[in-house]
Amino acid sequence: MILGLSDDITDDQKTHIRNTLLDMGCFVRETEDAEQSLICALGNNNLDVELLKSLTGVQTVTPIVTPFKLVSRQWHPADTLVPIGDVLVGGERIVIIAGPCAVESREQALTIAREVKRYGAVVFRGGAFKPRTSPYSFQGLEEEGLKILAEVRKQTGLPVVTEITSVAQADIMMKYVDAVQVGARNMQNFELLKCVGRMGKPVILKRGLAATIEEWLMSAEYIMSEGNDRIILCERGIRTFEPYTRNTLDLSAIPVLKKTHPFAGADRSQPRHGYS
Amino acid sequence: MILGLSDDITDDQKTHIRNTLLDMGCFVRETEDAEQSLICALGNNNLDVELLKSLTGVQTVTPIVTPFKLVSRQWHPADTLVPIGDVLVGGERIVIIAGPCAVESREQALTIAREVKRYGAVVFRGGAFKPRTSPYSFQGLEEEGLKILAEVRKQTGLPVVTEITSVAQADIMMKYVDAVQVGARNMQNFELLKCVGRMGKPVILKRGLAATIEEWLMSAEYIMSEGNDRIILCERGIRTFEPYTRNTLDLSAIPVLKKTHPFAGADRSQPRHGYS
Amino acid sequence: MILGLSDDITDDQKTHIRNTLLDMGCFVRETEDAEQSLICALGNNNLDVELLKSLTGVQTVTPIVTPFKLVSRQWHPADTLVPIGDVLVGGERIVIIAGPCAVESREQALTIAREVKRYGAVVFRGGAFKPRTSPYSFQGLEEEGLKILAEVRKQTGLPVVTEITSVAQADIMMKYVDAVQVGARNMQNFELLKCVGRMGKPVILKRGLAATIEEWLMSAEYIMSEGNDRIILCERGIRTFEPYTRNTLDLSAIPVLKKTHPFAGADRSQPRHGYS
Amino acid sequence: MILGLSDDITDDQKTHIRNTLLDMGCFVRETEDAEQSLICALGNNNLDVELLKSLTGVQTVTPIVTPFKLVSRQWHPADTLVPIGDVLVGGERIVIIAGPCAVESREQALTIAREVKRYGAVVFRGGAFKPRTSPYSFQGLEEEGLKILAEVRKQTGLPVVTEITSVAQADIMMKYVDAVQVGARNMQNFELLKCVGRMGKPVILKRGLAATIEEWLMSAEYIMSEGNDRIILCERGIRTFEPYTRNTLDLSAIPVLKKTHPFAGADRSQPRHGYS
């Protein structure tokens, strides 16, 4: 439920509204939209709209029609710009993030980083903790790999991003990298989502192999509900019956997301919650 | 199996080769490739390569490595240009085919045709025989609809295409339209495929809802095996678990097809049979 | 829309009701249910219920809530028994239908038929017209195969069933076999469905590779709308991402169908239209 | 690679073999099979078979043909019995595990536990940590829920199982429950798999929504590679296009698994590695 507040609301009135919502068992979020102060009340589906409308300082009460709330354009109509280091994702510019699957050595990482930079990449990515199907495959250089990533940034000026696979890696991730990536297999690892929500770093959230668009946005909601709205959604292909290609890129997901989630580049002329 | 013939082969030698292959139970096709005369022998997987090589006039004997044969770039390396009326599909130009789902009346069809022409469409399409999920839905104007399509062509100059749903419609299709379309639900209706193969008209072959790329090309092979190589493959989305979109466009199928099937516009710089 | 008629309705009143519905553009079907005469009006979604209720002889007017109408248990609450020769499908007895993929010779068919009969099969099946992915694969013995099937029936006493792949085969199918089978690839070949609807023979309708249960029942509706209610639904596995098995048997479809479609063996104690 | 050892091998010889394999970068596992001592060398795909054969005490050297190794019947041909409390899973008896989705209160859990026990359940399950699609949904009673589960076991005698969603829960899980469950969404949360591998408690490993059978077995391999072989595979349905049912139960996965993974009840008369 989104409460639009009147311009002349006092701090005391605002505190009273907030406390009333907390007493009703709600999660509460606030924002200063371009035109109006807003309060978002989440997690209670049985709010008494008439009661909320009667609170001093409340001008409008609007339900959020989608299961994802903070992620919806209703709550945040403007496009979102996510900074990774000094690179802004979501503006006019197409941002290319490139690098090897796994960081294997200082030399390998630096060589590739210089090469992808030459070809236009502006962010470097490389895996230090690798989620492998087999326990006997190379699992990554771990902290050593993160140090190499930091070295790459220093040498090339490229901000760096790497996959986080465990809550236990949060501290060293904070230390070495500019953004973290949540892999397809962990898209519904809710403990990890809450963790990256609390980290506050930009998050590249990859779509799960068999995740619907709605489930994907609900995973973004987990991150936002912990206070982190620097989310980049990464469509990386879904699993289908087709054996000739490894994954099936779901290109049509992009316009659906643009209507829904306020990441940058969205076509603002289109209706915003028009999917059904 | 592709037999490359020597430049100085005589007609008698060619006839002997052909008869030898027919005796072995093969289907036989011939072509004049840019550089060499070729004979394709199909339908017998146990050909004696040494025997074929020993035939006078045979220079090379090369197996076709894919299950689709005439459709493969091995048999026909050059890009294919398919003419619909005076519009060439497969060249540099992007061809837009547009029109209503069903032809409902002369006025509706003409109005839409003039409109889509204004926006750049160069071929008009509209359904006269509609394959409906429900038997109680409007099944199309049938021959009356085809007459309207012919009228649209006369009035607007746009060539017209419509869906064929039954072998029984072949004669009137020949009379009224410039190209026929085989719908997703009929992609493996082999009787219909053979029929459009014999008709010789350009065919737009839509991919089945759950058809693999290989099955799709095998359906094209059915059409080509009857002598018709004017085939346009139409990727129209496959069925997946995602409910927000009606179908999932499989964009990655396009480069796979370009390597495989010689439709026009294929990137000739790429390896041709590189999928596995 | 189902109209329940009063017990003392006259023939003239019934004719008047029927004509009124036909004038409204409806398809009309009648049945003598255990307790009441019923008329089913199909194909017009905007019927005036009050007007229908006001017709003399009409007691009740009930909408059919599913997109499939004649197929629903609302129209035909009782279980359906489908006879193939003297074998009743849909009763207490589990009916085993067995035989080779393709009829290859008289001897092959007879040998297998005698063997499967020994192991409990009560209907023999074998393909005479084979829908093959490749045009160069064996396409079946065609009419010769049907004659062999008739011979099998004569020698073993087993009724015989074979796949129909084209409307053109209808006449010889009528002559030689006890039931026809519509293959997965032809489940939405509506011309063929209408044809088997008119043939009146028992039909084994296989589920399409990517057909939803609803689409499958709509295909059954096509057959019933032409007057043939001797339909056996065959769940043969759907297409998924799993490569270890050829198809994924959708076992859960069975209880869904039992609630919906009145084939025999349905659990009558369950709610009938309970899926959503 | 499986090394079969001779009956009269000395401890020193065994140590030498083991050290040789460790020097080659292998993970090493040992077992006393019914007939022979075996050493399994994992994680190095380029082992010198001739060198291994030449080691004193080595009788046979056999490659494991599947990507999953410890999980394969090659390594462990016998059926596996997994005890949950005093209930043996994998024997002749069908074991029913039942209970509510979430533990909501002491009274709710006890009431349901007594009821399901009356109907034949022998293990009780209930969620204390709930992986919810929405961050605003009830997330479970957490440790309080685990205490209630322990109380249920005390009152009813039923062993208890609950879902583990985070490595951080391992210690309290050890304290309160008899078995843990890894949910479908966490099937490839490799950190969690390693953790339950180290816990040693029986694990119910649910199949991921879009996991192939092979990926599922690779996840089991993760658990076994950490030393825990008390794994129960739970087929809970996969994600398909069908909207009438929530998931599509992949019944055919069961016989495939029985050939592969040595859980109890497997049909030993069947070929063991026969899938392809």
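Each chain carries a letter (A, B, C and D) given by its place in the written order, and its residues are counted from 1.
What we mean here is this: a residue touches a chain if its C-beta (ideal position, glycine included) is under 8 Å from a C-beta of that chain, and two chains touch if they have at least 3 such contacts.
Just so it is clear, the structure is predicted and the values come from calculations on it, not from any experiment.
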Per the touch definition, the chains contacting both chain A and chain D are B, C
Counting C-beta pairs in contact for A-C and for C-D, the higher total belongs to C-D
Between chain B and chain A, is it the same set of residue numbers doing the touching on each side, over half shared, or a different set? same
Roughly how far apart in rotation are chain B and chain C when fitted on CA atoms, stated in degrees to the nearest 5? 180
In whole angstrom, the CA-centroid distance of chain B from chain C equals 33
Dist(centroid_CA(chain C), centroid_CA(chain D)) in Å evaluates to 44
How many angstrom lie between the CA centroids of chain A and chain C, rounded to a whole number? 50
Junction residues of chain A, two or more chains touched: 210, 239-241, 243
Spell out the part of chain C that touches chain B in their complex, as residue ranges. 27, 42-43, 67, 69, 131-136, 165-168, 185-186, 188-192, 194, 208-210, 215, 218, 221-222, 225-226, 239
Complex contact set, residues of chain A against chain C: 239-241, 243
In their shared complex, at which residues does chain C touch chain D? 210, 212-214, 237-238, 240-245, 248-253, 256, 275
